[in-house]
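Next come two complexes, and both contain chain A; in the first it sits with chain B, in the second with chain C.
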Partner chain A sequence: MISKINKKGDKLISVYWFAILVIVAVGVVLMVNAFYGNPYDVRQIESETLADHVANCIYYGGQVNPSLLSADGVFRPDFRDNFMHMCFLNFSVEGEFTPVPYYIEVNFSSGINDFKNVFGISEGNINLRPDCYISAGNMQNLAKCTQKEFFMKSSSGKVYAVKILSVVSKVTENTNG
Partner chain B sequence: MPKRGEILVENIIFIVLNVLFLTILIIFLINQGNGVSTLEDAYSKEVALLIDSARPGMIMTVNMQSAMSVADKNNIPFDKVVSIKGQYVTVTLDANQSKSYQFFNDINVSGHYPERDSSGKFDGFYILAFSKKT
Partner chain C sequence: MVKINSKAQVGETLTWIVATILVVVLLIFFIFGSSLLSGTKKVSDTFRESLTSGQVQEGNDVFLQKSLFAYASIGSVSTQLELDKILEKMTLSGNFTGDYNQTKKEVLLNYNLK
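Presenting the complex of A and B:
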């Protein structure tokens, strides 16, 4: 009698054990799909790299780019006009109607305390700029932004505050959205 | 005596099914991590980010050993896995699909080729050489 009860109990445990295994398997499959189903989102790193790239182009090793300021310390408009070429940037995309996934903005302010904008450069898709100031529920579908600020000292001794804003969209390549 | 044998068979079946379950689970996990699209996505982004951070004169080596084993399985020559055209890096690990990723650095990728070991075989590393655009 006792052995019969034990046998029934063993079978019952086996059924429950396999039910648990199935639940675990389904859980693992769902979690793995959620993890590998999403592409790697590298936009934040990319926007930081873009900001660093531009910062190095403007001010590298304590020296202002000689094409940016004239001998008498005036910002040269031709640097703005040829910014992409001067800073070795290329935002060209494949396809006629593909929007540019990058935006870069550089603002120069005079003085340390008096932030008066004296010169500005912007390139790329300006429509991405508002994404940096939106706080929405699903932030994944918005472009990623990086803001960098530093001071640069010209050869004439004048100090400028430099603000760089870099934006990378590439939503389809980096999300499931 | 016959009862003991019955218990042993039940236990063996139970253990075998458990082992089978774990094996299937592990194989599934390994296959997911080494999936063609996962690797293509990861490597195309990795190479694009390396190009973005490159400066003229640099030579970079990328470890692509897991890509090489998948490419070999799918009969894709390893020297055809990475291609750079315009501002796009394309990684192909399957004849039916590939992944491209754009980079912003206007630099000349003067060479992108797989490294070979002393016997002349590919060792799973890719070399990227950079020079200034003229």
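Presenting the complex of A and C:
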């Protein structure tokens, strides 16, 4: 009689352990899925890299890009026209109606304390620009911006302040939204 | 005898139920925690101090380096002083990352070697 009751109990315990095992396994799968299912957000570092790349294209090793400034210190409009090609950039996207997820803007002002623009370059999707000036609650769905400034000296001895604004959208690739 | 047995059975069942609840609650807690942690998966350019070597150049801000290179190559002393002040101010206001004096030292050294 006792051994019969024990057998029943053993069976019940085995079923219970199996159920717990399944619950824990499902939990582990859910945890891994929740953590690794979300993409890494690399937009901030991507926009910083883009700004670095453009800065290096304009001024590298103490030398201004010879295609940007003429010998007599005049900005060349053909650099602006061929900016993407000159700086080895490619913003093209797949699909006819897919908006470009990048925007880059470079402004040059002459002198150290002069804030008057003397030359400007902009490429990409200008509609992303307002995202840089919005402070909303859910910033995850806004494009990430990097605003940098540096000084360069031309071969003619003139100093220019260069302001770079780079914006990267790519919300779907970097978030769950 | 039968009465004592039933009491023990109730006690044992209660232990199992509590253990089960504990396992489920802990699982839910960890699932919630991992989903919260997954929201913070951001890659930035700042690394843990323990991961970076002290022997590596401290002034690694490209924009500050470029500005200091322009500063070093300016012929006029008054313009140089003015730019130095502006760059220092910009570093203090967070426009540049890294140590200003360290970067300046490194850039001037490189410039003189050039």
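As a working rule, the second predicted complex is superposed on the first by the 141 of 177 C-alpha atoms of A that agree within 3 Å, B and C clash if a C-alpha of one lies under 4 Å from a C-alpha of the other, contacts with A are read in each partner's own complex, and residues count from 1 in each chain.
Everything that follows uses one rule, which is that a residue touches a chain if its C-beta (ideal position, glycine included) is under 8 Å from a C-beta of that chain, and two chains touch if they have at least 3 such contacts.
Being a predicted model, the structure only gives us computed values, none of them experimental.
In the superposition on chain A, contact of A:Glu94 is made with chain B only, not with chain C. Applying the stated contact rule after C-alpha superposition, one finds that A:Asn127 touches neither chain B nor chain C.
By the touch criterion stated above, A:Phe18 is placed in contact with chain B alone, chain C being left untouched. When the two structures are aligned on the shared chain, A:Leu30 is found in touch with chain C, with no touch to chain B. When the two structures are aligned on the shared chain, A:Ser156 is found in touch with neither chain B nor chain C.
By the touch criterion defined above, A:Lys170 reaches chain B but does not reach chain C.
Once the two complexes are laid over each other on the shared chain, residue contacts for A:Asn117 go to neither chain B nor chain C.
Within the superposed three-chain model, A:Asn82 lies out of touch with both chain B and chain C [touch as defined at top]. Using the contact criterion defined above for the overlaid structures, shared-chain residue A:Ser70 touches neither chain B nor chain C, since it reaches no partner.
Comparing the two complexes, residues 32, 36, 39-40, 42, 45, 52 of chain A contact chain B in one case and chain C in the other. Of all residues in chain A, only 16, 20, 23-24, 27, 30-32, 34-42, 44-45, 48, 52, 55-56, 59, 61-62, 112-113, 148-153, 157, 159 touch chain C in the complex they form. Across the complex, chain C meets chain A through its residues 16, 20, 23-24, 27-28, 30-31, 34-35, 37-39, 41-45, 62-64, 66-67, 69-75, 79, 82-83, 86-87, 90, 95, 111, 114.
On chain B, the positions that touch chain A within their shared complex are 3, 10, 14, 17-18, 21, 25, 28-29, 32-33, 35, 38, 41-42, 45, 49, 52-53, 86-88, 101-102, 104-107, 133. Residue ranges on chain A touching chain B, taken from their complex, read 3, 10, 14, 17-18, 21, 25, 28-29, 32-33, 36, 39-40, 42, 45-46, 49-50, 52-53, 84-85, 88-94, 101-102, 170, 173.
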